[in-house]
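We call the chains A, B, C and D, going by the order they appear; numbering starts again at 1 in every chain.
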Amino acid sequence: MDYKTILENIHASVQPYSCVGKVADYIPELAKVNPDKFGICLNTIDDGDYSIGDSGERFSIQSISKVFALAMALSIKGEALWSRVGKEPSGTAFNSLVQLEVEHGIPRNPFINAGAMVVADILLTSFDNSAERYLEFVRALCGKDDICYNEQVARSERETAYLNAAIANLLKYHKNIDCDVEEVLRLYFLTCSLEMNCHELARAFLAFANHAEPFSYAGIELTRSQIKRMNAIMQTCGFYDEAGEFSYLVGLPGKSGVGGGIAAICPMRYSVAVWSPRLNSKGNSVMGMKALEELTTITSESIF
Amino acid sequence: MDYKTILENIHASVQPYSCVGKVADYIPELAKVNPDKFGICLNTIDDGDYSIGDSGERFSIQSISKVFALAMALSIKGEALWSRVGKEPSGTAFNSLVQLEVEHGIPRNPFINAGAMVVADILLTSFDNSAERYLEFVRALCGKDDICYNEQVARSERETAYLNAAIANLLKYHKNIDCDVEEVLRLYFLTCSLEMNCHELARAFLAFANHAEPFSYAGIELTRSQIKRMNAIMQTCGFYDEAGEFSYLVGLPGKSGVGGGIAAICPMRYSVAVWSPRLNSKGNSVMGMKALEELTTITSESIF
Amino acid sequence: MDYKTILENIHASVQPYSCVGKVADYIPELAKVNPDKFGICLNTIDDGDYSIGDSGERFSIQSISKVFALAMALSIKGEALWSRVGKEPSGTAFNSLVQLEVEHGIPRNPFINAGAMVVADILLTSFDNSAERYLEFVRALCGKDDICYNEQVARSERETAYLNAAIANLLKYHKNIDCDVEEVLRLYFLTCSLEMNCHELARAFLAFANHAEPFSYAGIELTRSQIKRMNAIMQTCGFYDEAGEFSYLVGLPGKSGVGGGIAAICPMRYSVAVWSPRLNSKGNSVMGMKALEELTTITSESIF
Amino acid sequence: MDYKTILENIHASVQPYSCVGKVADYIPELAKVNPDKFGICLNTIDDGDYSIGDSGERFSIQSISKVFALAMALSIKGEALWSRVGKEPSGTAFNSLVQLEVEHGIPRNPFINAGAMVVADILLTSFDNSAERYLEFVRALCGKDDICYNEQVARSERETAYLNAAIANLLKYHKNIDCDVEEVLRLYFLTCSLEMNCHELARAFLAFANHAEPFSYAGIELTRSQIKRMNAIMQTCGFYDEAGEFSYLVGLPGKSGVGGGIAAICPMRYSVAVWSPRLNSKGNSVMGMKALEELTTITSESIF
């Protein structure tokens, strides 16, 4: 079956789930997105890209942004990065303060909020203008110069982000944040507010799927081994406390965001981005997860 | 580089670690094993097996036995299995009672002790003589009729297993064990006491690596999708709270045991078993982990 | 107002609560008690005792038994006792394993189940026949030779006591139990099964209320300071995770049991025992707590 | 023995502990206090006050301030207060975020930091100028018009208070703080910075010891029952996770602060304030605790 037909089949098969789940509503900007949107784009290594639905419409990538930030921090710090953040799955909800208190301020991994704040702190201390450097890097990855932060979303999130502010203060208390707490939160929410469409996300993740190619974008370089290790972390930590479920049902490294996006890769085969705003109780896109489960079932291709 | 040379290189490269770590000593039978043993066997799908060192010497497979037990339970119960045990990484030490109490008796996954006890309970209620059926299944998997439990090890473990007895009683309290607590503990420790060598382990795991072949051994059958899902669970949960580390450094689904063994698979390529009794602080074989890291580094083959 | 009138007023004022709460039903023997029973007996230091209702009917004293066991252990071990059990309030439900795991097998205090098991272990290692010695001590305290264990209740509890068996095994794992786990559980449940009526309980607790008198019963001796410290522990730890509530509403040191009994003391004034089998969600007698709140409100006598 | 002689005996008996413990040093202002200071003042209900040592020197009362704030909140809200804060002992360290996360933003009691922040929030929403009202109330309690906040201490604490900022944000996240987070922290630290000497503290606490007198100070009124309940909360929650220890060794309701002060009361007898800056590992004054243990041992007067 060719990928075009596969995407059509997927599109049809996820329809029964089109009303399941709930759009993230903790900030007005995210709540007003049309919940019925569905788009998918698959970008093969050697055969171009395939898409269906609302794949050209940009949305808030939210936590998917943590993958790009980690790539930058890993490029800068190398293995030394892991003295400040772990690489083990979290085993509890993505925003748990308990783990952080028990483990003295070392976040479990770079994809829980606490870990992403430590990564943001590293970017802030490494670059004069980290927000611009981040944007340049992602633009280079996806080959589009006009993707942007949504400053209103970022500001709006910061204003109500009491839990994240608690986390950032706790990290600072444990001396795992060097910069000012507010500055870290600002960069963190700014990167989360980045808006991309499925084409752009799939294109950006192609660099992680195709580790035969040199990884060098806007001055950020990763070795082949580092790319694979990025994928390993996505695999074990990419879906909050549903990492095992996603691994079991889909079997691809990936990362989700509360904007309803999921990006995933099949090493040396393709990258894929899917978007549907309704989330399950764990904060992952219902139709997005179904679509990817269907994809690896139809193709019989997964990492396992 | 051919696999024979690769194994020789690995053997050489792990020598610096030959005195690092500590043999499991909580029961005399495990403590008296020679700590300097090292063996590895790699079994390719289409090209026979390669080995080096003490690969022909049997050792206590301990927690690696949980993979075989899970295969049996999954074959019997199918997806219904997951109502009694989760498939998420545990995020804490392998024997934590805290998680179990917080999550009301549903173990995080089938590879922590609590989860393996629930699996043992399922085997006990499914077969008249579950211990014999388990043995038949593993014998069929590895094609050897003379592998056996070590009843003395099993008995010795049971006698001092206060923490495991606490776990089993807590599961019973939460009604997630149907059989008698003692009976469950007996089967659990019996399967842990199974003794195999690297050749036999690698051969047994080949069935998980080669999911193109039908999986049917001693009456236990798994679909191709189920085999892949077994691998997914090994990937996310196979190394206690070092699952992320193993995924990051090695990048293969696998399972370790405190006897010093590790079995892993590279889907559609090979299975591999390594044995070295000295453990790191997380309970995983020091040289075993190094050897597998070296293997995927040299071959540039991993699932990522 | 004289005590007779006070008790009559209390009896009247608790009537609105006569159908609130639920009899402990985890073992059939406790479940079949008449839920409508209510008795109270107040024993003054210098003016005899006063009672009303079913004060002459014996019931299962359950956790109140822990006070007598602690008195024996404190008499034997003195301050050295506190190396094996804490004296801080537990802050969580009375049977929590979490605290025990986090604090490496040292129970928070002697009135949570874990702590009472450590105390039972101390009695077992101190006496040849600890069950008989315990009985002699309580008989001497209350001046009645015919109070007895209910062996059927004890056996019945042991059979279904999976959570307590988990706790005992965890204590043994942490080496805070010297004797056999089964033996400790047997003594623990035997002491819990003791049956006394309100007169007998009040009389037994008079020894703690009147610390001007020498404390010496069946060979168990406490200093005046030790008696006061017993009272301090009852005050901070006597009511599971409702210790603060009881202290706030009643203001007397005391101890409750899931049989529906509560015994309390007003130092140098009186002891009091109340019995009503319906429990609130925390495991304390609803009418019992109300009755004692009423008592200290009417008399304006509490320790504060 | 008269109280003067008792205080002299106490003074002598605490000398062996004069170099034990460590002055709180998390802010420079607290660190520079002379660690060798020791003062005590005992204020009897009907016989004036007795003092010894540095009882006339003012120090930072820190957490003792929480007693006065609670009195104000209880006066304003009555029993409705307890829907926003518990009255159970905390069972863990005084600043634990774990409990707060598990119990969804309801602090265990008003004397842990989280609970005191909720109380501060109540004061802020109840008064136009809560900081002034608080000061007026404490001035009225101790009969001194010149006690003051130390704004420099307050500011200095706020600047480094990452853990407290984490707690306040977590409370806000759980909607248990109505005002602005910064405003709550400001009032919280301001009240903690209040400076009083032992005479003033003992005098202020006399109002809680003598519940036969009407409690009405600067517009804040409590009933007799409310005073007793204040004492009950001091008894069970006044010493962080050493409440049980203090109750056991001393047997008086009281409250400590990291400035090295402790205030306690013997109902209807006396109030007492002691100050010595060296703290034990739990944050309580070493010599202060010893002095009060000695006091109740010599007098044989405690609440038990």
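Please note the rule applied: contacts are C-beta pairs under 8 Å (C-beta built on N, C-alpha and C of every residue); 3 or more make two chains touch, one makes a residue touch a chain.
Given the structure is predicted, the values throughout are model-derived calculations rather than measurements.
Chains compared, chain C against chain D: the Cα-based superposition rotates one onto the other by 180 degrees, nearest 5.
When you average the Cα atoms of each chain and compare centres, the chain farthest from chain C turns out to be A. Centre-to-centre, using mean CA coordinates, chain A is 32 Å away from chain B. Rounded to a whole number, the gap between the C-alpha centres of chain B and chain C is 47 angstrom.
If each chain is reduced to the centroid of its CA atoms, chain A and chain C end up 55 Å from each other. Taken residue by residue, chain A touches two or more other chains at no position, since every residue touches fewer.
The complete set of chain-chain contacts reads A-B, A-D, B-C, C-D. Residue ranges on chain A touching chain D, taken from their complex, read 96-98, 101-102, 162-163, 165-167, 169-170, 172-173, 181. Taken together, the chain C residues at the contact with chain D in this complex read 86-92, 99, 108-109, 211, 224-225, 228-229, 231-233, 235-237, 241-245, 247-248, 251, 253, 267, 297, 300, 302-304.
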